[in-house]
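The data blocks that follow each hold one structure.
Consider the two complexes below, in which chain A is the common component and chain B and chain C are the respective partners.
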Partner chain A sequence: MKKIRKLGQKKWLVTLVWVIGIVIVWEIMAFRVAAVKRTPENILPHIYQILYSFIDSSPVAGGQTALMVVASNAVATLLRAAVGFLLGMGLGFVLALLMKLSGIIEKLAFPYLMLIQMIPILGMAPIILSLTGDIGTSRIIIAAILTFYPVAANTLAGLKSVETEKYELMYSYAAPKRMIYTKVLIPACLPYFFTGLKIAAPMAITASILVDTLQGDGGLGCMLSQSLRHAMSIYVFWDIVLVSAVIGILSTKLMGWIEDLVSPLKRIDRQIGRRGGK
Partner chain B sequence: MEERMNSKDVQIHINHVGMTFKDNKGNDMEALKDINLDIKKGEFISLLGPSGCGKTTLLRIIADLLKPTKGSVRIDGMMPREIRMQQKFGIVFQSPVLLDWRTVRKNIELPLEIMHYDAQRLPERSAEMLKLVGLEEFANHYPKQLSGGMQQRVGIARALGIEPELLLMDEPFSALDEFTKEKLHVDMLDIWEKTNKTIIFVTHNIQEAVFLSNRICVLSPHPGRLSAVVDVDLPKKRTLDIRDTLHFSELVAKVRNSFEGGSL
Partner chain C sequence: MYTRKKNIFVRMSENVNVQKALGVILPVLLGIVIFVLWQTQVIHKIFHVDVFTLPLPTRIVSIMIDNISDILINTKATVFAAAIGLLIGSVIGYVIAWVADRWKGFGSGGLIIVTAFNAIPIVALAPVMTNWTRDVSPDASVRSMVSKILVVMIVSIASMSINAYRGLTELKPYAMDMMTSYAAKRREVFWKLQFPNSVPYIFTALRVSAPNSVISAIVAEYFAEYIIGVGRQIRENIVLAQYSTAWAYILTACIIGIVFYVVLMIVEAIILKHRK
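After this line comes the complex of A and B, so read on.
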């Protein structure tokens, strides 16, 4: 019993158990679907088939291999998502600062931010598309809107988390307001800001993929709907699903790595092995 | 109770200071009533009393963190606000109030940065302060890597770094264990001797007040008022064993008996 508990603390082992579990369930389903299939291709292919399709050199569309299709469209989707993400990140941070500076701005802006957040992307996308008339612009705007809220809300929470004593300390040294922000408030809110980024990054990518499906100008989402309609190999569909999932996870990881580089707080916490304490 | 002295020695002049707060029902709460006190340059003054006696309120009024509703405070003839704007206050709070993302050295340099201290002399100055509180080896540590006592010492070094006119300490050792506290008491006396700062020290611990200060202002609650001022005629250089002397016990007893009504 003790041994099992000890093994449970090993992170890689937990991951491994999960992966094996998913593979087993997947394969059972794949066999089951293959047994009742009515299409020439198995709608739920075996895992090895999906993985093989990445290195398969036979063309699937327009002389391109599956890998080339997925890679080129992933880059397109990611670039659009990234532009929107950076835009939303900047605006979210600035708005959080403004809300902190002025209670009126907070009262005016915050409820509407939450409302925007509640509109489903699928509903919002066509509206924004008709407003802007350009799919590229609307993709960026939607990614920005989705990034904006978690970043603004988390950063604001971080700015508000600063204790009264720290203000009093700065006050007692007659620190100007600018210094209270640069030396105390902004460094204090960084961990919260990054939490916002970690939530927002995969959302921006998902949004970008979703908007891809609206119009046929490339991108992962566009290929996704095309491959589903059997315009392309079913493997492309699964390749895209797999790649999207990996990109989403990596985007969150990437934010964590950037945080490690920028903010010393996380490094210290890890050094003393007391993460998240206090 | 009034404590007045020859005006030319006086650094801090507390004149009929009163403070009334409104509680949440809107009733007036008199936290301080008619405080009159003169403090000389270089004194180590303790403000001693049970909770609710307004000792922290008085300290905060001196520090310009609160405005009194009655009376006035003059420090070197100036308003507390002027002294604060000149960055002449060094405050040590009950908790160390360190910035977690700054190293010990950078924390000490924070007020110096605020007052645009010469950047080239900054490392030298912080090194000097680190030496004063005995934390040279920990310059590049982060606050979370230090014990509570060490963190409080960083707070003291930070307060002293700007060469304050006045060192204001609000129950700085109350959260520390007995051993750490004793060590810091000795350190504090050492720092007082080396720097000759005027120190105002808020505490609810009689022994602590007697061991550290040269004068103790005893405050009584409801409303907070100055009920006695006790001179501590112990030598300026003190070691921990002074607490075992008869004279020390007599002083402690004297302070205890000076609370209004004889006891608490």
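After this line comes the complex of A and C, so read on.
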């Protein structure tokens, strides 16, 4: 018993046990489905079947294997999501700064910022498509709007979290306003900014995939709906579900890694950690 | 001592009441400006769109009034899926948080898995759920509703379990030590200390998952078998090029989202009234 408890403190092991547990449950269900259904692969295929479809060399569409289809479309979806994500990130950060700089802008924009959070932007995807007429543009717009809110709201919270003592210190240095921003406010808001990015990254990808489903222009979402309509092997659908889940998780992790590289607070943490290690 | 008389701008910026009033007046003014620009078709000229795809606000509202009975039927379907899914998902999320706190080692691994599930795009989740619920009922409307509820449920679990776990574990210093020194039973510790402590965290989670539940319900409708719901109507009407009707449903979707949030705020204000 004690041994088990000790093992429970190892994080990777705990995760591994859970993953194995889920795989077991999945496989039991898959065997059940396979026993009663005529087309089990539509409902719940075995995990090895999904994994095998990645390396299967028989073509599924236009002479491409499943892996080639998924990979090329994943890249297309990700690139489009990234453009919208970067745009929303930039605008969100600038708006948060402007709101901090001017009380009037904050009062003007804050209720509308709240409103963006409350209304279902993804539901508006079809109408934005017909407004812009171009699927690429609407993808960027939707990804940008979805990124915009969490970044702006979190960054503003970060800018407001700075203690008065720090302002007083800067005041005693006779620091100009620009310096207060570059030396105190922006470094202080970085952790909040990255929290916003971590929330926004999977959302931008979801938005990009959803817009894909609206029109046949490549991308993961497009292949997803084609495969669901049995225009190609159903395993492509399962591959895409798996890949989009992995991409979603990785996008959040990626933001964490970038934060570790960029943020001065994390850098100090690392240096202390190294010194402590010696 | 002579103090220089402050000019009107300085005095206004220091007056609390003026600032409060500005907080209401300015956004309303902005709203009116947008409305006027839209109604007078200035927005159409700037973005090069026509009145057909972006109808005037007055027309959207009149369409909405004309189709109110249809809209209400679809609203009911969407709200039902979102609300029930949110409720079940939040309860499950709380139970997961409790398990993670009760059996610290392996239980907290469940939290990691839940957050991983949260990163799966709804777009991928919705068709899977539609497939899985094929045998639930011979009635297409029932099984579509079940699959929609499942999607909303999964989306709601993660934010609740993460926040509730913080609520159960981030206690006031020494509170747990005091409970131990009273020889309090686990059940008492939970109901007297951990649960009350977690209530504000529950609302933090709901603030995220309430708007999300509406979005998930709408996206799940896109993939559902049975054609009902606000989201599905937006899509169907756009396919039929009935943009005014589609806009009426978009407005409805926005209203649902706002109402969900406002109801949550009111409930939060009532329940947390006696704290601070």
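Here is the rule we use: the second predicted complex is superposed on the first by the 254 of 278 C-alpha atoms of A that agree within 3 Å, B and C clash if a C-alpha of one lies under 4 Å from a C-alpha of the other, contacts with A are read in each partner's own complex, and residues count from 1 in each chain.
As a convention for this text, contacts are C-beta pairs under 8 Å (C-beta built on N, C-alpha and C of every residue); 3 or more make two chains touch, one makes a residue touch a chain.
These numbers were taken from a predicted model, which means no experiment stands behind them.
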| item | value |
| --- | --- |
| Touched partner set for A:Ser161, first chain B, second chain C, both or neither | neither |
| Which of chain B and chain C A:Phe237 touches, first, second, both or neither | second |
| When both partners are placed on the shared chain, which of chain B and chain C touches more of chain A | C |
| Which of chain B and chain C A:Ala245 touches, first, second, both or neither | second |
| Contacts of A:Ser102 with chain B and chain C, given as first, second, both or neither | neither |
| Residues of chain A that lie at the interface with chain B and also at the interface with chain C | none |
| Residue ranges of chain B touching chain A (in the complex, touch as defined) | 63-65, 84-87, 89, 91, 93, 95, 97, 99-101, 110-111, 113-115, 142, 144-145, 162 |
| Touching residues on chain A, where the partner in the complex is chain C | 5, 7-9, 11, 14-15, 17-19, 22, 42-44, 103-104, 107-108, 110-112, 115, 117-124, 126-127, 129-131, 202, 205-206, 209-210, 213, 221, 224, 228, 237, 240-241, 244-245, 248-249, 251-252 |
| Sites on chain A touched by chain B in the complex | 163, 165-166, 168-175, 179, 183-184, 187-188, 190, 263-265, 268-269, 271-272, 274, 277-278 |
| Residues on chain C engaged by chain A in the complex (per definition of touch) | 13, 19, 22-23, 26-27, 30, 47, 49, 53-54, 104-106, 108-110, 112-113, 116, 118-125, 127-128, 131-132, 134, 211, 214-215, 218-219, 222, 230-231, 234-235, 238, 243, 246-247, 250, 253-254, 256-258, 260-261 |
